[in-house]
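Dropping the structure in here first, questions after.
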């Protein structure tokens, strides 16, 4: 029984980690909470649904196209909303509220287009899962875990090893210095949004292989993503992975004793505790002391 | 018995000693300058003295009362007013309101009095408004009393900060770089105000980089370097002090 | 005509919410994003007391408001340590937690099944169970709320709240007890929000968690921002416009499956546009810094 819960925890954790990683890549670059990240997660799922189910396009191509479009949506949001805010000196709070606005707008747009009913990406009869150490795990779930790890490794390599990744880190740590050495921070921000949104979109697609989707799932997803990011240390990419897995496990093991409906409350409770007492998370960076 | 007594204040940040066993006194009705190269711990000391930061070791006494552990608002109420290096005004409210906020309100600050808009509260507010206007006249900002804080020039903001600190009716004023960024005429005006305040019975401890200002106004100068007090004395004594000259090598215009 | 009165009642209830939130967010500058939680407490406390213990709705209203006020004191604690977007997130989280309690503590709140049959107010034999009497009741409470909050803000106490918003450190350096003031402001804001919740409950006579979602908090915040931070008339206008305008959508003959999300889309778009082009709102004098 507990193995099953751990398995479920890891699967949920992978999804959370993907969302959190994408969120963190963006956060490190722009330093505000991009709440609309959650709706990109949803959009990824619905775009995949459109290609794969409605248009009957090959699954692999659907996947790639969907991720690309999710990345594009992230860029569009940045261009049309955030970049305009960056022009005046705007506080993080204003960015957050604008992000809420984008989220609400897009979630309801999806609802109008696709309706509020539940959809699924799965086709054919439900396959029997594999039995492993007393737990059941389906092919799709294995796919989720493997894909997540692959995506995470690709993202990590991108940030650590490529020119763009280095530029992202430069812009994140010192925007003025980065500009002095000729890095175009607007372009870098765009890339960060593309990468982060691609991960969110991928997470949405993967989860829809396993469960049903509806427009409202984005809310929960981004909350978990933010919570996982903060637990792992806001700004730390390995932290996002750890935070996501931690959150997935705690939620699922916690269910054992507590009713499922309390998941959100527990997650938020953990978040608030971290915000109040350990804002740098498990692995994160210390925030600057306020100058008096 | 000195107005302010600082005893062995020590403060460390990430292994660096921002303040190292700092001790000195400020007498009533005197003007004391706190000088030293950048990073020598001056503003850190102000923050500790006014309760915004905790010291690691040491004590501070104000009028013989230990204030080391007091919260900032309590210290302010005891009679220590301060200004800030980076000017902390209330930008989106009027200049008059900026000053009025600092007054003690026996009645008006009580929630129930505010809710019920008692007569006593209104009278108190009127009295304080007159007092605020007096202070604005003193610093020369009375014409700007209805302007918003953010509409003031740099020099005017400094004057407003001074007026606001005076609203506390403090016996001791801690001024953090009061003449920084001011044109020469404004500098003289500010120094004039400081002299006047001393004559009115106040003590002033101020941080400064401009040696001319320091020399022309201070009764006593305390020199910090790397958090340590390296000299203390009258302007003449400090001018002649070799260690001070070394600390300021290349930067002095003594 | 009855329909119009109904809309104004709902707008009035939202007005109480937006006025009380404006005190916290607009005047004191605290980014509180979970305001609906206070209304939830007021609504459920008042309803449960009436249904389970037969307590008069008037008393229930008061007790509900006091309980909301206690929650306000709890919510004030993060406001002492967090700022800006971090505070927004934390208060949003507290709102979600309260919603979860309403939804999952089924033995107390009946969860998603809700509480039906909530009794209405009555005074000397007059039942406030029709649109016209309730309209008068709500307008009285809106007036009380308006004048109470106006008095608070137009006073030295109010000046301190503004100081906290403009520069907390400077305000403290001027001898003001920041902690005490933040605490009071949250408790007062929560108190009135609790009243709004009770008014809602005893009007609709049925409540369930779906009326008190986290997104509702965003809607109330939108009303405050739209009308203008620290502008009480702004909060009234904001609430009225944002309640009445979507009702006009109905007359376009759209099916409700489109009208409802369309209304939300407009809210979302409005929030974005406000943040980019007019953060001071309609008649506000301040903006988030």
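In this document, chain identifiers A, B and C correspond to the written order of the chains, with residue numbering beginning at 1 in each.
The criterion applied here is as follows: a contact is a pair of C-beta atoms (placed from the backbone, for glycine too) under 8 Å apart; a residue touches a chain by one contact, two chains touch by 3 or more.
Bear in mind that the values here come from a model prediction, so they are computed numbers and not experimental data.
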Original post:
So which chain is farthest from chain A, going by the mean of the CA atoms in each chain?
Top reply: B
**OP:** Average the C-alpha coordinates of each chain, average all protein C-alpha coordinates together, and give the chain whose average is closest to the overall one.
**Re:** C
Original post:
Centre to centre, by mean C-alpha position, how many angstrom separate chain A and chain B?
Top reply: 49
**OP:** Please work out the Cα centroid separation of chain A and chain C, and write it as a whole number of Å.
**Re:** 31
**OP:** Could you grab the centroid distance between chain B and chain C? Build each centroid from C-alpha atoms only and quote it in angstrom.
**Re:** 42
**OP:** Pull out every residue in chain A that's touching 2 or more other chains.
**Re:** 292
**OP:** Name the residues of chain B that each touch 2 or more other chains.
**Re:** 52, 84
Original post:
Which parts of chain C, given as residue numbers and ranges, touch two or more other chains?
Top reply: 169
**OP:** Spell out the residues on chain B that touch chain C in their complex, using ranges where they run on.
**Re:** 50, 52, 71-73, 76-77, 81-82, 84, 88-93, 97, 100-105, 108-111, 113-117, 121, 124-125, 128, 149, 164, 167-168
**OP:** Could you please specify the touching residues of chain A with respect to chain C in the complex?
**Re:** 32-33, 81, 84-85, 90-98, 100-109, 111-112, 115-116, 219, 223, 226, 259, 261-262, 264-265, 268-269, 271-272, 275-276, 279, 292
Original post:
Mind pulling up the chain C residues that touch chain B in the complex?
Top reply: 148, 151-152, 154-160, 162-163, 166-167, 169-178, 184, 188, 285-286
Original post:
Within the complex, which stretch of chain C touches chain A?
Top reply: 31, 77-78, 81-82, 84-86, 88-90, 93-94, 96-97, 100-101, 103-104, 169, 214-215, 218, 221, 225, 257-258, 261-262, 264-265, 267-273, 275-276, 279, 288-289
